[in-house]
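We call the chains A, B, C and D, going by the order they appear; numbering starts again at 1 in every chain.
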Amino acid sequence: MGSQIVSLVVNDQRREFIARPGTSLLSALRESLGLMAAKRGCGQGTCGTCTVLVDDRPVMSCLVAVETIEGASVRTLEGVARGGELDEVQSAFVDGFATQCGFCTAGMIMSAEALLERDPDPSREDVVEAISGNVCRCTGYASIVAAILDAARRRRDAASSGGDAPAVPAGSEAADGAGVR
Amino acid sequence: MITAVRVPDSVAAAATYAAAGGRVMGGGTIVMAQVNSGSLAETELISLRKAGVSGIRVDGRVVRIGAATTFADIERSPELAFLHAAMRTIASPPIRNLATVGGNLFVPQPYGDFAVCLLALGATVEIAGPGGPRRAPVEDVLTAGVAQGEFVTAVALSLPAAGTWFHHKAMRRKLNSAAIVAVAAVVDTADGVVTSARIALGGVAPRPVRAVSAERLLTGRPLEHDVLNEAGRAARADIAPFDDAYASAWYRRRVLPVHLRRALLG
Amino acid sequence: MNHRVNPIDKSYFAGERRDGDFTVIGSVVQRSDVLGHVTGRTEFFEDLALPDMLHLKMYRSERHHARISGLDVTEALAVPGVVRVLTHADIPNNLYTPLKLIGVGPDDEPILAEDTVRYLGDPICAVIAETEAAAYEGVSRVRVDYTDLPAVFDVEEALAEGAPLVNEYQGQNHFIYEGHHCRRIRFGDVDKAFAEADHVFEWRYQSAPIEQAPAETTGCVVVPQADGRLRVHSDTQACFFTLDNTALILETPFNKLRVVGGTVGGGFGGKVDVVVEPVACVGAMLTGRPVKFVYTRYEEMQVSSPRAAERIYIKDAVMNDGRITGRKVTLYVDAGAYARHSPYGTTKAAAHLPGPYSIPNVWADCHCVFTNRTPSSAMRGFGVTIGDFALETQMDRIARELGMDPLRLRLINAYRDGDMKAHRKIAEGTALVEVIQKAAEMVGHELPDAYRRMSSTHREGR
Amino acid sequence: MAKLRGRGYASVNYPTGMNLGGDPSQALIHSTTTGTFVVSLSSVDLGQGIKTIAAQCAAETLGLPYGNIIVDTADTDTGPHCMGTFASRGTHRVGNAVIMAAAEAREVMLEVAAEELEVDAADLETDGTGFIQVRGADEKRIHITDLALAAHFEHGRTISGRGIFLKEKNEPVPETGEMDPDSCQAHACTVAVVEVDDETGVVEVLELHNAYEMGRALNPAMAAQQVEGGAWMGMSHALFEATEPYYPARDHGPRDFSEYLMPTAADIPVQRSVILERPAANGPFGAKGIGEMTANAPIPAIGNAIFDACGVRLDSMPFTPEKVLRGLDELRGLDELGDASERAHAPATGHERP
C-alpha cells in the first residue's frame, strides 16, 4: 500500500499531499503543508502544543493518523487572524501578556477558540478545563485564563454592538494590581 | 515502521484487515503515541474511525455505544448524563475528542477509567473477528483481551436507576491525571439498606477489578460511614496495587477505603 | 492594555530610587515577540523546513553501569533509509566537559560511549536516516552486549570506602576543588558556637531530581554550507558556549561554525549543556546533508540533565533570644555520572550559605558527588533552590522549637548592609528585612514596632 | 475527615549577575539611515523577554521611543559575544552592555545634531518622542530620522556604539571559600496558605503572598510574568515534581507530561505579589534580575504551611500526599495501613481554621 494522497480542507483551503503511512496530522501540517504554528512538544498527546481543530473540535494533532481524517476540515492558528487582523483571543493574549516563550501559545489559542465557539460565555472553570491538556511551563496559567475570559467578553461585546465594532478591551478585569485568581 | 494505514468503511472490511495481523485502533491516543516513538510492534494500522461503529443508541434502558464513539460524544449525550462527571475526570478535551470507548478497554492501568465504569455497569462487549461476531462480559475482555484478529465493535449496558450510580476518581491533581484510586459503582438500596452492589476499582491493579469483598460486606447493610470504611478495608483483598510515577502501591492500598467511602457517601 | 502588574511599593527605599524621568524604563511596553507568538509565525529552530534533511536518533545505554563487550550495528545499517550509524570512532575529540571553557576539568564525558556506560541513557551510537521512522527502526536493531558493573545511586554510599567508581576520568566519586574533596566555607569557629549555644539543632533535608520541562525539547538542525562551514540552528540557551564547546569536540577552527538561535521554547537551565549539536555536526559533516537531532519527550524527561538532587544536613547553634550563632552545613549535590555544570553549581550553593542571615560562625562542606544516574546540571535557581528549601525549613523548625514568631526569628538574624557574609563578601543592597516586613503587612501578620522599624541599611544599635 | 489549614513563611535572597565564569557580554548598536537603531547581540531569548528589555534599555539611554529600536540577536556571525542566557545574567549583563553601547551612540547622535543645529552638544537633550532639541529652546530641534539621514549622507558619521559588561572571573579561595561570585542580591518573602486533607494527605495551596525586591522592574508587566510563573513553578516543585519519584532508586521515572505532573490552571492558588525596588548600583537602571529566584521561596513556605496545618514536618521534596499521610499516621499512632483512621480524626498537633 505505502504512501497515499490525502485531501483535507485546511483553514478553508482544499489541500492535497502525499503522506507516508503512519504520518500524523501534525507532521503533515508541518512537513507537507508548511504550517508551523502547531508544535511538537512530546508526540505523545501529553503537552497540547500541537492542538488544532478537526471538524471544529480540538484534538492533539500528533495522535491523528492523517489517512483516517480524509476530507476533514482542519483549522490551525495560521487560519485564525482574518485579513491580517488579530481575532479577540489573539488580541487578548497580546494585551494580557499571556505569552512568554510562545511554544504553547498556538495550542492554547486553538483550545480557547474551540471553547468560545461552543460557549461564548464560559466560566473560569470552563476555561480551566478547556486548557487542561495544554502545558505551559512559563506563565503559571493565570494570565492565560484571564486572557481567554477577556477574549470571550470582547467577542460578546463585538457581537452585541452589531458585530462590526472593533474589539475593545473591557478593562473590568484589567489588573487591579493584586493578582487575579 | 508503518507500511499501511487502513481506514475500512465497514466492520466486515475491518475484520478482513484485522485477520491479516494489523493493529486495530480507535482514536489513536495509544497507538499513534507508539507510532511516533517508533515503538509499535505492528506495521499496519486499521482505524475504526469510518467503520460504522460510532454512535450511541438508546433502546429503553439499554444503551449501545459503538466502539469508535469518543468520550466527547458521551459527554454530549443527554441519555448518558450520569457518566458526564466521570468523563470529565479523564485526560483533557483534545484527548477526549479522540479517545474511544473501545480503545479504553485495552489501556493499561492506571489509565482506562471508562473501562472501570463499564465494569461497574456490567457491560457486555460486542466483538467482531474471524469467527464472526460474539458477545462477552466486560470482565472477560478486561482479563483476557480479545483473540488475534478480533476487535471490539460496541459495548452495551443498562442505564442504572436514578440514585444508584456512584463515581469518584482520586487524582494527583484536579484535572488531567491518571487514577490513584477510581471507584465506579451501581448500588441499589431499599429502606436504607444495600440490596445489591457492583463496585469496580481502577488504579489499584493491573486491570480494573471488582471489589467483590466490599460488595459482599455492604449487602444487607446501610450506606454509612463506618460500614463503608469496613467495606473499604475489605476491598484491599481484591486489589493488586503497583508503584508508578503517580503513587506507590502502599499509598493506593492505604487510601482505598477513604475513596471507596467518598465515592458512595460524597 | 489588559495586562496584569504587581503594585510597586515605592515607600521602601524612597531615598535611593533616583527615579529620574524615565520614559521607557519602568513602563509596560508590548513584548517584542508577542505578535509572532499569537499568530504562530515565531520561528523556532525546528520550524526550518529543509527538503533533504536527515534525522538522527540515539541508541542509549540500557544499563546503569556496564562494560560494552560488543556493539553490532549491521542490522541497523540494513534498515531501508538508514544512511549512517555514528559511533565514538567518528567523533574527532570524543571526551569533553562543558566547563572546560572556564578552566574546569578534567574532561570526563564521552560524546558517544567507548567501552563503558555510566548511566541509564548514556549515548552509545547515533542512527542517521532519511526519515524519523527509519532512524527509530535502526535504533531498535542496534545490538549491544553489556557486562554489568556494580552501580551506586546514593551520594553518601558513593563517598563511602569501597564504593564502585563511577567515572574513572574523575578518579574518585567526587569532584576535587583545588586539592580539596569539596567546596568549603570556613568562617569563624562553629565548634565554639555549638559549645556556647543555648540550643543545638540538627536536621537533614533531601530532594529528588527535577526536570526543567520546557515545552520545546532540546534539539538542533545542522546545515552544511557551500563554504564548508556548518550553520547550527539550535535552541541552546547559550550560542557561543555551544559554538565553543562544539568546535573543541569537532577539533575544528571556531569560525567553521555558526550558531543561529533566538527564540527558544523555554530553557530554565535545561538547554545549557551541549548535548545535541556535536553529534549532529559530525553527522552533517560525514553525510554532507542537513541533520536534525531533537530530543524526544522521553529523552528530555529521563536523559537530559535535571536539577540535581541534594542532601543537606544543617546543624545550628541558637541562643534563647533567637540569635543563630553558628551554622554547620554538609551538602551533597548528586551530579550523576558526569560533571557537566555541577562543580559550578556546588560552588554557587556554598556561596549562598548560610542563607540571607548574618551568622558569625559558619562551616560548610559542599560535595559534588558522582553516582550512576543521569548527569544533573543547571536549572533556574541553580545551586540555591534546594538550599533555600532546607535553610527556610530549618528556620521554621527553630522558631517552633523556641516558640518564636517565625518572621521575628528571621528579622533578628537577617543580613544587613555592611555585614560580612560567610564567603567574606561585604553585603550591600540588602532588602531581606523589608520584604519580610512587606509580606507581614500583606497578610496582616502583626510585628511589634521594634521589628517594623528595622532596616537593611543599618543594624539597630550600631 | 477534615481539611486542615495552615500558613507558612519563607524569606530568601538570590545572587544575580554571576561571575564565577567571568564571561562578559557585549552589545553593538547602530543607526540605520532613517533613525532606527539596531541592537546586535548574541544572547538568547527563552521567553523571559531579553529582547524587549534590551530594547527598553537602548531606547531609554538614547532618549528615543521604544518603537525606534530593533533587537537582532542569537546569531554568532552577526552578534558580538555573549556566553549565554543563564545564571541571572541576561538583564544584568546584557542590560549594562546595551546601556554602554547606547550611551556611546547617543554621544555621536548629539554631536551630529549639534553640527546640524549649530549649537553646543552639551546643550542638547532628547524629548523621548524622537526629537533632539536645545534644552530650554525646543523650537530648535531635529527629528532622529532627519538626523540619521544627515549623519550618513552629509556628515559621513556612523551613529553607533559598543558596549560590554565585565565583572572579572572570581576564583574562590579553596581553604576558606572566600569569593566574590555575583553582582547583586535580590530578595523575596513568601507566605503560603495551604489546606491538607487529613485522610489522604493531599495538599492544596490556596494562597501565595509574595514580596519581591528586584532592584527595579524594568517592565512591570514582564516582571509580573516572572513573579507569577516562578511562584507557580515553586509550587509545582513543592508538591509534584521529580524525575525519579523513588529516588535514589531510578524506577518509574516519568516519561511525558502525563506522568511528570505539574499543577494545571485548576490547581493554582490565588497569588498576590508586591514589588519593592532597591536599585542596585551596578544594575541596568538599578535592576538586579528576577527570573531565577521566583520559584525558591514558595517551596519552603508551602512545606512550613503544611506543618502549621497538620503537624507533619516534611524534610524531603516533593511533598507528596504519601509523605504527608505517612507523617499524619505516625502522629496519630496508626498502624501501617492507618486502619484506625476513623477513630482518630484530629492529628496530634496542628489545628483547624475556619
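One rule holds in what follows: contacts are C-beta pairs under 8 Å (C-beta built on N, C-alpha and C of every residue); 3 or more make two chains touch, one makes a residue touch a chain.
Here the structure is a predicted model, which is why all the values come from computation and not from measurement.
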Pair of chains joined by more contacts [C-beta pairs], B-C or A-B: A-B
Per Cα centroids, the chain farthest from subunit D: B
For subunit A paired with subunit D, centre-to-centre distance based on mean C-alpha positions, whole Å: 28
Subunit B and subunit C: spacing of chain centres that average the CA atoms, whole Å: 42
Centre-of-Cα separation between subunit C and subunit A, whole angstrom: 33
Junction residues of subunit B - those touching two or more other chains: 1-2, 37, 175-176
Subunit D residues counted as touching two or more neighbouring chains: 46-47, 49, 221-222, 224, 228, 230, 233, 245, 253-260, 262-264, 266, 272-273
Per-residue multi-chain contacts in subunit C, two or more chains: 1, 3-7, 30-31, 33, 133, 213-214, 263-266, 268, 296-298
Complex contacts: residues of subunit B adjacent to subunit C: 1-2, 37-39
For the subunit D and subunit B complex, residues of the former touching the latter: 1, 199-200, 240, 245-246, 251-255, 258-261, 263-264, 266-267, 320-322, 325, 337-339, 341-342
Sites on subunit B touched by subunit A in the complex: 1-7, 25, 27-29, 32-33, 35-37, 45, 47, 49-50, 72, 88, 91-95, 97-98, 175-176
Residues of subunit D defined as touching subunit A within the complex: 46-49, 221-222, 224-225, 228-233, 255-258, 262-266, 268-273
Subunit B-touching residues of subunit A, taken from the complex the two chains share: 1-2, 20-22, 24, 43-45, 48, 51, 54, 57-60, 62-65, 67-70, 111, 114, 128-130, 132-134
